[in-house]
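Next up, some structures in structure tokens.
In the two complexes below, chain A is the common chain; its partner is chain B in one and chain C in the other.
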Partner chain A sequence: MVFQSWFYFLFLLGLSGAQIFLLPTQRWILLLLGSFFFYSLTGWQPTILLLFTIIITFGSALWLGNEKNQGRRYKILLLSVTAQILLLSAFKYLGFFNDLVSGISHWMQSPSWVQLPLLMLPLGISFYTFQSMGYVFDVYYNIRKPERHFGHYALFVSFFPQIQSGPIGRSKEMLPQWKSITLPQWEMIRMALLLFLWGVLKKFVIADRLGIYVDEVYDSPQQFSGAVWMLILFLYTIQLYADFSAYSDMAIASAQVLGIRIPENFLFPYKANNITDFWRRWHLSLSGWLRDYIYTPLLFAKKKWKKWAVVYAIAVTFIICGIWHGPKMTFVLFGIVQAILLIFEMQTKEWRARLSNQLPSWMYQSLSVAITFVAISLCFILFRAEGLQQVKEIFIQLSQWEYSSVIDYVREKNGSIIIGLLFFLGLFLFYDEKISSVIRNQKENPKKLGLYLSFMVVVILIGMVIGKEQFIYFQF
Partner chain B sequence: MNNEQIFEKVNGVFRTIFKDDTILVTRETTAKDIAGWDSITHLDIITGMEEAFQVEITGFEVMNLNNVGDLLDLLAQKMSE
Partner chain C sequence: MKQALKWLGWIFFLTVVLYVSALFCLCKIHYNRLPLFYLVMGDYAAPNGGHTYHASLDWSDTSHFDVVVLGASRAQRGYNTAIFDSLGIKMFNLGSPSQSLQNSRILLENHIKGGFIKEVWLDMVPALFKGNAFESTSDLIQNWAPSKTAFTIAWESKDARAINLWMKRLFCSNSTEQEGKGAYRRNGFVEVNASLSEKWVKEYENGNFGKESKGYVTFSQDAIDELQKIISYCQREKIKLKFIASPITVFSNRWDQMKMNEIMEPIVEQFQIPFIDYSNRTEWNTLTDFYDEKHLNAVGVRKFNLDLCRSMSSTQ
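Up next, the complex of A and B:
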């Protein structure tokens, strides 16, 4: 069920309204039933798999809690994590294995010796697997005690606003909320409604519109010159952010209507002045998860290697980050490129600090933001391209630069619409932080908010007339 | 070594790593309170503490450190062992 549908909106309002008739300590039951109903719409097999994940992580955490011997605790952790990775791999990475086998067979000029049957990818499996795995890590590291209430734990893993595409919740923030759920005040509901609408607007009006231009160029890469490609790369960078942050805003708003707080996922990523900064602003729930459960343990396990420990931890963490996104070599390469850029930044930190002292601060800051944006746009080719062959084709096109081709392209695509769109995108990026703070401010003047609300509804209606598409992050 | 001496030494390590003699940490100090305290500096802090106190801090123990207070307690516990 997509968020931007009337059925979802009614489902959310129905649950929110029904909560009034229950005691704060009973409301979790309604949310759990609602979450399982929501997930069961994807089919009974994925629901059984979700239940299975809940049972194995709940059980292994209890087992960890009862075990005092550190060696045995480590073995329990390994068992639990392996079981989850195997489950995730069975549904998500068999295709990757098949591609690898075909690639090797092709290279050896022999027929593929094995091709495994592909299973349907259950909705949100990467997200809920990481969320439940994070909980097991928390219990292992004694960050929290194992949850003894199965219902509360099942809701933590299956909570419907988050399960499709995150934000990946943390046990210490989420689990205590189920014990007693206080219904939100009117100001909070108003804020949630505005945030939800802001999400719908970003999805329909920005992301889906941009998708039309991006898809056309990606469908026939060789027909467009380097300059057009660069424009499209920038548009895709904005599309991806508008799409995914729209989803996250709608998830946060949905939870707020039910009286639940879930973490923010973005911090204006295109204001980042380097790649390290970008990863502190982009998909925060995933980058935080990777930092706490992969990067930090790896770093401190090899701390005697000093600087090489950092290189090692960054490389492994970002390769995992790449693979997490999907069973494609382009994602693996995306992770490797991020790791190289981060290590480069680590090595040039002092040089960059000296440079920043030599240039006027506004110039250094603007240049840094612009360079980071271009670098991210180039990296996102790996995110969007069908395969390595297409990546190669795009880079060949990028090397054939013709400025006039952009003007021709804009003319051909009805210039005023494109220029209007670019102007709107500029406004969006420039005012993103301001809009976000207005929406999240509960004390904002209600009349002003009413005006914003009406404006958003009008823009969304216009967007809806033109068409709609799936969220990009659903594929992960 | 009493708690006060441990605190003085810990503060000294922070001053050396951040090259700032005005730093005065408290039990509540976290990475958010000191500019430039990133994961690489965190590694330097832990190895700096290991050298200063001649102890070993495991990755497992690092995962449980939420603020300087936790670090002081961990060092005090290791010194008493």
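Up next, the complex of A and C:
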């Protein structure tokens, strides 16, 4: 069930309406039933797998809680994490393994010795696996006590607004909320409506519209020159953010209607002035997860290595980040490139600080934001390309620079691409921050709020592009 | 509750005012001699006027015809009404580009009545079974003259873009300026008098045909249901229905064609509807009888129409 459907709207409305008839301490039951119903629409096999993950992690956390011996606790953690990684790999990485084996066999000029059957990827498996794994880590590091209420824990893993594409919830923020769910005030519902519509607008008016141009160029990479490619890379960078943040906004708004707060996932990432800053603003729930459960433990484990410990921790963390996105070499390379850029920034920190003192601050800031945006756009080639061969083709095209070709391309597109771009930039630079501040400051004048909402509805009705129902991050 | 309802009412009022004003401005402000509407809406907004508009001006609900043809562009450009007229069959061609079965059904229900029309020929191509064909919806909403039919098409498509297009009719007038492929002749027929384009000649010479290992059309149940509704309507109105698959090129996807025939077989058998299938006939030469990978040119249409008349008269 996609968020932007009438069925989902009625489902959400029905759930939030039915909550009125239950006590705050009983409302979790309704949300749990709703979440399982929601997920079961993807099929019974993925639902059983979800239940299996819930049981494994719930059980291992209880076991960890009862065990005092540190050595045994470590073994339990290892067992639980291995089980989850194996489960995730079985569904997500078998194809990658097959490709690797046939690649090696081809290189050794011998017949491929194994081909494992491919399984269908259950929706949201990467998200809920990381969420439940994070909970087990929290119990292991004594950040929280194990949850003893199976229903509350099951809801934590399966909560429907976030199961498909996050944000990846943290147990310390989410679990306490199930104990007593307070119904939202009318003001909060109004804000949720605003946020939801903002998500719909970003998805249908911005992301999908830009996607038409992006798909066309990615489908025949050799037909377009470097200048056109650069434009398309920028458009894809915007599309990806609009698409993913749209989903997150809709998830946060849906939860808000039910009286639940789920964490923010973005903080205006394209205002970042370097890659380190970018990762503090992009996919916050994943980057926070990687920081707390991979980067920091690795850093502490190798602290004797001093500066090299940071290099090591960054490299491992971002390779895992790349692999998390999918079983493709392009994603692995994406992680490696991010790690290289972050290490480069770390090494040039002092030099950049000296440079910032020599230049006017506005100039340094603008240049940093622009360079970061270009670097991120280039990195996202690895995110969007079908494979390494296509990445190579794109870089070859990027080296064949013809300024006039981009003008011809825009003219061929009847200028609508420019309108779309200006429209997006205007909306994003002004509205993304504006709406975020309006939503946080819940005392906005209702009439003014109504005007925002009406404006959004009209923009959606007039500017929507229909065709793709799926969000880009569903594939992860 | 009262406060919430009052607020929602305020939003509804504001939205309607903003929506109508925005569309008005988009239709009245021009850029490059086109209303801004086209720029903002993107590619789906078919231009005003064109062949469908011409056909709708020629059409009258109270005229008598022996045959009305429905279907997509292959129907619109594949049944020359003048040839059929010369052979004593009074025909109107209601085909339009990418016409979906839903749109064919709406045209049928709104304009074709038993007392006036004897037969309906539905030109069958696999693409008819694709669920969503917005190209045809867009074209018909903007260019089919009777506003009520246009509204029905917009409403039944359950798509906000269709409602925008219908609203646009209120603010932008149609023109009779010729647009689109080929030349409008009469009674809905559009003729393309060209030989096979260079691109396809090259493909032909390179032997790039018949190599597909799979079909490309996703056959939707909704489309099959629409076909059933067309059959039921014709039975109710006592209009004879015939399915015709016009000649195809060597580039056509044989898997899609086979799948369509599989779907058609039980329907044809159950309702005893004649299905005249030219897709397996070899007399039509891709190089000389078509102008692209799927459409007959004037030469091919003539051959096809004469053959069809002959086979009709021999079976009657």
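Here, the second predicted complex is superposed on the first by the 453 of 476 C-alpha atoms of A that agree within 3 Å, B and C clash if a C-alpha of one lies under 4 Å from a C-alpha of the other, contacts with A are read in each partner's own complex, and residues count from 1 in each chain.
FYI, a contact is a pair of C-beta atoms (placed from the backbone, for glycine too) under 8 Å apart; a residue touches a chain by one contact, two chains touch by 3 or more.
Treat the numbers as computed from the prediction; the structure is a model and nothing was measured.
After overlaying the two complexes on the shared chain, residue contacts for A:141 are found with chain B alone; chain C is out of touch. Partner contacting the larger number of chain A residues, of chain B and chain C: C. When both complexes are overlaid on chain A, the residue A:450 reaches chain C alone and has no touch with chain B.
Judged by the touch definition given at the top, the superposed model places A:296 against chain B, while chain C stays out of reach. In the superposition on chain A, A:309 makes contact with chain B only, while chain C stays out of contact range.
Of the two partner chains placed by the overlay, neither chain B nor chain C lies in contact with A:78.
When both complexes are overlaid on chain A, the residue A:100 reaches neither chain B nor chain C.
Once the two complexes are laid over each other on the shared chain, residue contacts for A:346 go to chain B alone; chain C is not touched.
Of the two partner chains, neither chain B nor chain C is touched by A:13. Taken in their complex, chain B has these residues touching chain A: 38-40, 43, 46-47, 58-60, 62-64.
The residues of chain C lying in touch with chain A in their complex are 3-4, 7, 10-11, 14-15, 18-19, 22-23, 26, 31-32, 38-43, 134, 159-161, 163-164.
Listing the residues of chain A that touch chain B in their complex gives 70, 141-143, 276, 291-292, 295-297, 299-301, 303, 306, 309-310, 346. Chain A meets chain C in the complex at residues 186, 190, 209, 212, 414-416, 419, 446-447, 450-451, 453-455, 457-458, 460-466.
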